[in-house]
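Next, two complexes with subunit A in common: one pairs it with subunit B, the other with subunit C.
And then the complex of A and B:
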């Protein structure tokens, strides 16, 4: 293995492809946490919407419809989550875990019903070859050798993810709606004492942000590869929670924190070709999550001590 | 007449009559006070006015027009605003953002921050309520945060402003500023309703006063034709006795601190505190809050470890021991915040009454608690201290602050320990209950207990203490005997003045 620029560009490219789904889910987590809805159902939402993206593509061969269905499914699940937690005062942990366990069971069951398998369905289905999202090839970029590798195989949703981070930031921090949402997250009773319908704001904002999980779902099944595997979300929903915790719900911070986690994930898969034990490699993302949280908390505690 | 309530009656679902044919009115530019004990119905009447509670019968008129408020928004739309006892602020946001919330200054979909800050600044100047619009509200002291609440209401163009116990959380200096603000607001044409049981404040600012008792308005007085004594009489229903405390000769030294010092982050929060309380003595700690009172009490009671020095309870060195050991040495502690230190809000009244004695007879034996004993004990405390509660199995958090305080006081006093530490024992409590707690404190003193009293109410300290220490900047800045007390001199020492 030689450490060439081309090789580094490949690592960066797979990092980018790991980052974007995570970023989209983290952005949803940001909005949810800003309006103080603890959404732990991210994982199940991601898994189910990924499945529906694949399923729609399998039956309709219409990529636009697939994206639309995936986004709607994610919004529906997020709405259910918010309705139970906000409107019916359910325990967020219980509601979230219920959605997550249901999603895993449901997608596994459907996988075996529709595709007659318990493992993986790849693009070569009994119905013929499936195509995923179109890979963008940007004139100018595609002509520069190393840059070309970095941006190789990225879909429009990958680019959209970065744009959405900025959009989410502007909505949450610059607009009147975002101001109210953040205020609600800080002090619900103060907001409702001023005649704001807090629950309505919470449910609508989380539901809309849930749509971003749907985009992430498309990236998992129709992005750089076209396939569905049982539990394809592989804890990305939980990692997004950690990433959100690290960036304190700030959408621009989410860019950094999801990049950190995406990088470790990419690192793990890149190092697979080396002598390192596979099992050890697979725990890199998770170990680094724990490490990042620990370091972050130590720093935060020092800071608050220094302040007081 | 800007506002009128006619024959308002409120009967709650459980049959409790909170208001019984209450009629009152408010004139433009007037400061109207409504005084009464806890449970007299003054809060309910204000909640009705603010749309939080619907009256069972009766009519409300604003500027002659009949109103039916379903929510606070309706009341706000009619020009009525309320400064709540518990502030409703968005802590992480700036003062300006807090003020404009819900009526934001926009530029299309976006916030116009420059104009927001400018508008808020202009508003604060107009009413001489100085604030920094871009300061984070969490960083503002209590007095300023209250000012933000007031500005919030002014920003919404309220003409009637209700203040619910506004001085309860303020330091004496902040109270003076608040009273000044009330007068300014009235002078600028706003109409003010002040709900309180602090009669000095009522007499300082009101034009007119309603007295409520047991859900009814029992009297209406012009300020010029009444006095604190008369109002107190009307509130309680019987004359207040001026306290005559018999002289008791102090006995042995029950509580003593020697050169107690607490250093936090390189700063001396407490410095060389050497004080003592003898048997049969009430010793007051006077001071503006935040000068080390909380830390002093925490060091004595084991809630915080001191850096150096000693604490002795009945001659036994208990410095930095556990709370259990210190209490076992003969000390009980009425803590300054009943909900933070004094009780478990999720637990029942019974459990809260038991706390601290769960290991000892007759409340438990062989590791099992005895419910019947605990229940009858809790019932006795509730009765003796007049706690208004529906049942001993009620949760602590369902009690009003004043009633919760009574239960905590009841528990700690009933331990009959030689040393009693009392912090703000009557905070948020009505006059009747305050009198009875003061009586009980004096009774404990006559039984030979040593009482250390910390209170932000100077009158409370002055009327009960045999001796007073003044705490300023973490140091003792003066000591007085009972007959050498002079509130002017005391006030000077409290703000750091030199010893006489």
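And then the complex of A and C:
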């Protein structure tokens, strides 16, 4: 293994492919935290929508329909979550854990009912070969040697993810609706005294942002690889929570923080070819999540001390 | 009405209030699961019959259920302590994994007589569980890393670490199956023996003792009062002179010991070794959390709910054997129960609450 520019480009490429699903989920977490709905159902939502993306593709062979179904499922689950937390005053922790438990059970159940396995279903199903999302190759980029490697195998949704980060930023910070939503997050009763229908805003905004998790689910099962395994989300939802904690709910900050976590995840999979043991490499993203949060909090505290 | 009479009525209402919500939640979730089972083309009564028989049908299955409930009870107690004290930690799984792993190693490798080995194994599991729990407490206290994130991440780290160790460092030296990723089998004298003739081992009895201890600790000691106060109103606790730092670490230690012991019981009494992923895939810690929720954090209720949830999974495996329904249906049921437990579905004593409030308001005015 030599450290060449080409190799670094490969690492960057797999980082990008790890970042985009995480970024989409983090954006949803950002919106949820801005309207003070604590969403830890991200994990279960991601898993279920990923499964439905795969299932729809398996039955219909229509990629547009798969994306649509996946987005709708994610929105439905997020709506249920928001309804229980906002409208019925449920404890957000418990609602989230319930949805996560249910999702893991449900996807494994469906996996064994439809595909007769509890492990992995790859693109070569009994129903024929499945195709994933079309990989884009942009005319200008595909001719430059190293840049080509960096942007290799990226799908429309990968590019869309970065666009959505900017869109979310504009909606949350530059529009009236965004101001209202952030007002809810800062002070509910003040917002409601201004005539904002707090609960309605909370439920609708979280539900719409839930759609982004659906896109992330598509990327997991139909993105760079076409397969579904049990628990394919592998704690990405929780990592997204941590990423959201780092960027304090700012959509552009989410770009940075999800890049950080995506990089550690990519690092773990890139290093697999070396002598290091796989089980220890798998720990890297989780250890670095804790470390990043600890370091960030220490720096933030120092800063606030220096200011005061 | 005499005063005693009124108290009786109050207690009865409170009990009915405590039972009604879980009962409704369980019924609704079983009903929803029944719809799923019907869609899958299986007779609901056949499936649930198989489940019930497989959980409590005869002494063999009942033994199995009680054995399975042991780590769930311990996990439930761990959750109960932490949550009631205001720390929403979910690190039971990681602590349980490390507890089971260490107990299995100590009981396998230590060259001392059987009973001493059991005691040392349980001690090791407690220490490791407590240490891992303290780690998340320390991250919270020192670096403000929220419990949810730190504990969830630590769970994965513990699982991968134990997996690495069993794969490469302490893999069963005399195992016949080279593919089985597990530690060596614990000698007969260092296992937790069965209480009766069935598979229920002394770990279950220990778990019940822990439930009693916990009830005593939280009802009758000042520590229990302080921890509950910290959970209900941290500011008031601080005002009342409770050292929040000391409280945090004490609560974390008790919670970690409880979860670690749960893992040890599973390793010493049920599997007789640490098998890779054995706690992670069974989800004992999560079931424990659901049990604690179902019982509204009452220790005795947690034990009862744990046994029921254990019955759900042993029954689920029985159902999987005799019908086409996979046992994951039980996870779905568990999830729906949890979801329904998160909100107030019905409130029998509502009128009582209201009049009380009015009386209070009147007094203030």
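Here, the second predicted complex is superposed on the first by the 308 of 308 C-alpha atoms of A that agree within 3 Å, B and C clash if a C-alpha of one lies under 4 Å from a C-alpha of the other, contacts with A are read in each partner's own complex, and residues count from 1 in each chain.
Keep this in mind: contacts are C-beta pairs under 8 Å (C-beta built on N, C-alpha and C of every residue); 3 or more make two chains touch, one makes a residue touch a chain.
Values in this document were obtained by computation on a predicted structure and should not be read as measured data.
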item: Which superposed partner A:189 touches (first subunit B, second subunit C, both, neither); value: first
item: Touching partner for A:290 - first (subunit B), second (subunit C), both, neither; value: second
item: Touching partner for A:245 - first (subunit B), second (subunit C), both, neither; value: second
item: Residues of subunit A touched, compared between subunit B and subunit C (which is higher); value: C
item: Which superposed partner A:179 touches (first subunit B, second subunit C, both, neither); value: first
item: Touched partner set for A:259, first subunit B, second subunit C, both or neither; value: neither
item: Touching partner for A:93 - first (subunit B), second (subunit C), both, neither; value: second
item: Touched partner set for A:159, first subunit B, second subunit C, both or neither; value: neither
item: Of subunit C, residues touching subunit A in the complex; value: 36, 40, 88, 90, 139, 142-146, 148-150, 152-154, 156-157, 160-161, 163-164, 167-168, 283, 286, 289-290, 293, 326, 328-332, 334-339, 341-344
item: Residues of subunit B that touch subunit A when the two form their complex; value: 71-73, 76, 84, 88-93, 97, 101-102, 104, 106, 109-111, 265
item: Subunit A residues within the subunit B interface of the complex; value: 174-177, 179-180, 182-183, 186-187, 189-191, 193-196, 305, 308
item: Contact set on subunit A toward subunit C in their complex; value: 40, 84, 88-91, 93-95, 97-106, 108-109, 112-113, 118, 235, 238, 241-242, 245, 277, 279-280, 282-283, 286-287, 289-290, 293-294, 297-298, 301
